[in-house]
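Listed below are the structures to be examined.
Next come two complexes built around chain A: one with chain B, the other with chain C.
Let's turn to the complex of A and B:
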């Protein structure tokens, strides 16, 4: 008990110094948590991928479309349960900065994504309306879309102004589901394109392929790609997760930079903490010598120093972790639909705690070693 | 009287800037149980070093150093720490109290190295603080006490484990005349009433006058002919 009492009172001895160190730690842990969450958000698409979904695209590039008739050939492959075409639309809503993902999809698409929860009545209304659209809850909240609203999008890939009517708002099965997307009928897109620019009709961005047995994903992918080998439009089929990670890889340098910065923040606070503990131990050299004189061993002194350092680290990290959640929420709302899923994960919280413990321990190492090694007579000379 | 301290051919030197500086040379000294010895000498004469060696917080280069029947030169650091906790009470010039602990907690500190229960510790601390006249200042922090009062807390801490020897390094060096007198009187009581052997380093002839005998050191050599 006396050890805890001493640690507690020593921690509060220089309130300003302890307070400032703690504030630094709170900011560091909070920043670390936010940066890690940004990295997680980048990978959220891959994390939300289902193992029974494959993506087939043009082997040359995602920008090069595939012919519509591939759909039936893919469907004929053994192990394929369903196929749906989808096209990236890239329309502008009012202002180019209002970015959100828009996809023209076939009806089969929704049966492959059970994580999108749509009320039956709204779903039926969507299918009844050729210009109908389904929007995610987050997207609806960001732009204030309500059922019945007319949403005009200015096409960039597909020229002209396109008008849609919101017929339903979908929710996610869990927090990891992306609810920032905008879906509309592929038929509407294709028929309109056929009328405006016939050369661009019947072109598909990607096929989503649902398979019956997830263990046969590689085999089915190979069989699909074999169908179109040596054709003018060869395909590349991969799991949805691999497809999503491929996207993330394009921006991997940014992610590495974010990761480095997050750990640099921790390193800087380690230096600050180590300095605080070194100053503290230097000031208390005489007290440590007195304790040694009275018969207390090096272990007791080490416990005092580690205890104080860890107390600051633990309190700072608790406040930092507690603040991470509301700040992440605010950050996500400010970012709009840029990060479809922005959630502080349990792993991030555990990493924040581990970093704080590592900082607390590392900061006390050198001062504790010095306190244990100092000769009593030298320590006593520091008093007076 | 049984000797509490027996020193023979004791030498001690320090290394400073690559050179060996002798501090104590061929010290022979015997201190009997219950004695009150004043150690005097000019600055740098080695009196504090001799006190530190007797108290087991420093080690000699050579010679025999038997304190309370134990040759403490043979003890390891941890054995010495245990030995000090059981046999030696320390009184420092600047009191060396823990500023974050109250008078009660400071006196209680050495008892955490014993197996006494919380109730027994409380009883011992109350008795010691009453004995030094600070029964009404138990919950005060050192910063709330005068120099004389802080030194009395330090004396209570020194006697709390009932050690055989009290070593005091300039115990009145930081005090005014009145407080110094009170501390010296208290130390005399510890010697007379509790039978503690006291070894006190001092510059002050008046303080040394309260000791039963005075040993004088000069340039690391113990001088003869003192009372």
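Let's turn to the complex of A and C:
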């Protein structure tokens, strides 16, 4: 009990120093948490993938299209429940800065993605309107889209200006669902392209394949690809998760850099914290000697120093963790659709805590060792 | 009267551990600050080196990238015959009609499937890019399934050595040479004959037309004529501008993220400096009193302590920049979001980055040391002398 009281009093002896150290810790723990969340957000697409969905694309690369008639052939493969074509549209809304994903999809698409929650009336309205579009909640909030709004997009892959009418706004089943997307009818895309640029018609970016049995994913993928082997457009079929991770891994270098940097800030704060503890212990050498004279052992001194260091680290990190949530929310709303899913995960919070404990412990190591070793005579002789 | 600089220097030396820890924190911040700028500079230099100043690049209107662009043969022929396009030694126009396709290749070390730009060029393609030369093997022959690969590709991908084969578009392609392109984006590309690539991929259209202008100033007239031609829906840009735009998204991302992080991290380091300097002042109250009693003015005391903080920053700055300069050995390869393909670039250190990083370090020292120095200067002589 005395120990805890002593630690508490010691912590408050240099209010300015303790306060500054804690502010530093708060900043470090907060930025560490945000950086980890940024990395998580990158993987969010893969996290939201369902095991019963496969993606079939051209084996050469995603940018090379597949012929339309593949759809029926894929559907005939045993174990395939449904197939839907989707095309990446890459239109520009007002300014290239306003990036959000746009897909032209077939009706079957929505039954494969039950995580998109659309009110029935809006869904029917979408089907009745050839130029109709379904937009995600987050996207709608970012650009202020409401049902009935007309949204013009300038095509980059498919030339010309395209107008769509928002017919519905979908919500996600949970926070991990991407609600920053824009969907419209594949038929509308194809018919318009036939009239404007016939060379681009009847071409599919990807097929989404729903399978009946999750355990047969590898087998079905193999069978689909075997159908088109040695044809002019060979396919590559993989699970949705593998497909999404494939995207992320190409920008891996940047992710690794962000990870490294997020640990650098922990080292920066470790240096600050260690400095604080070293100075504190140096100033109290006389006291430690006095305590030793009174019969307190090295263990007690070490407990004093570790206790103080950990107390500062724990309080600082608690504030830091508590601040992470509102700041992350603010950051996500500022970034709009750039990070469709931006959620502070439980692992991040645990990592923050672990880092704070490690910093608190490491910072006390040297001062504690010195305090244990100091000879009473030298300690008593020391001033300031 | 000025307190000798030695006074400040010696104080730092006496408190070695504290000095090392405080400067160490600052060094890490400076490292992040410098490394991010180096990355951004490297990226820009790579893409700027890709474009020649008097080359133009024509894509379909609003396409933005070569991948999403398409120019049919009739349109390409019109562009080639414009009077502003220069002629080569053989009196043919210096214009290359190019087909760009992305292919997926697995990286050698990680096995990650990566998008690689494959560029089919016309006969004038190499003459238009003087930065390009063959470093191993030979140039491919037009009309065959031969290809040459950039040196970044040769280093990072399987099957990209001279004499090896790559399979895409239903054909086997023989790698007959490796080229270096002066650290430009072409180093991360595979080159072959445009007509062969188009056949393999059953394409009817080119992606872009690259051409040399007779003189750099001829662009405006040419662009205006082409853009007003009802047969064409094209964008005409200088090749250099085109590639600068390709790097904009990534470059903005790197510099915004980097700047934000540096500023946030520097708060931590400045707090460290502040703690150190407050302690330095608190421990030396008696000394300060003595100095004042000897006749040194408040300003002199302020300067002595501020200088000590600046020294801390300077040490951190030098160490941080030294660490960052080691990063020049590292090459980063990643997906460029705009062109959607692999791009390799290195950390590039310039004198400007050295200067700005050092100034940043000194600034951290000044901000961290200012309040403590003010406190030291404001101590009254009598209280200070009594403090022991």
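What we mean here is this: the second predicted complex is superposed on the first by the 382 of 384 C-alpha atoms of A that agree within 3 Å, B and C clash if a C-alpha of one lies under 4 Å from a C-alpha of the other, contacts with A are read in each partner's own complex, and residues count from 1 in each chain.
Assume contacts are C-beta pairs under 8 Å (C-beta built on N, C-alpha and C of every residue); 3 or more make two chains touch, one makes a residue touch a chain.
Here the structure is a predicted model, which means the values were calculated and not measured.
Taken together through their common chain A, the two structures put chain B and chain C side by side without a clash. The superposition places the C-alpha centres of chain B and chain C at an angle of 90 degrees about the C-alpha centre of chain A, rounded in steps of 10.
In the superposed model, A:173 lies in contact with neither chain B nor chain C. With both structures placed on the common chain, the touch criterion links A:380 to chain B but leaves chain C unconnected.
By the touch criterion defined above, A:218 lies against neither chain B nor chain C after alignment on the C-alpha atoms of chain A. Applying the stated contact rule after C-alpha superposition, one finds that A:61 touches chain C and leaves chain B untouched. For chain A, the partner touching the most residues, choosing from chain B and chain C, is C. By the document's definition of touching, of the two partners only chain B reaches A:2; chain C does not. Of the two partner chains placed by superposition, A:350 touches none, neither chain B nor chain C.
In the superposition on chain A, A:10 makes contact with chain B only, while chain C stays out of contact range. Once both complexes are placed on a shared chain A, the shortest Cα to Cα gap between chain B and chain C comes to 12 Å.
Taken together, the two structures place residues 384 of chain A in contact with chain B in one case and with chain C in the other.
Within the complex, the chain A residues that touch chain C are 16-17, 20-21, 23-24, 27-28, 31, 35, 59-64, 90, 92, 96, 154-157, 159, 197, 199-200, 230-232, 234, 236, 246, 249-254, 257-258, 261, 264-265, 267-269, 271-272, 274-276, 278-279, 283, 366, 384. On the chain B side of its complex with chain A, the touching residues are 49, 52, 55, 57-58, 78, 81-82, 84-86, 90, 92-94, 96, 98-101, 105, 108-110, 112-113, 157. Of all residues in chain C, those touching chain A in their complex are 17-18, 21-22, 24-25, 28-29, 31-32, 39, 60-65, 67-68, 70, 72, 101-104, 110, 112-115, 168-170, 201-202, 204-205, 233, 257, 261, 264-265, 267-269, 271-272, 274-276, 278-279, 283, 332-335, 337, 340, 342. Residues 2, 5-6, 9-10, 13, 286-287, 290-297, 375-377, 380, 383-384 of chain A are the ones that touch chain B when the two sit in their complex.
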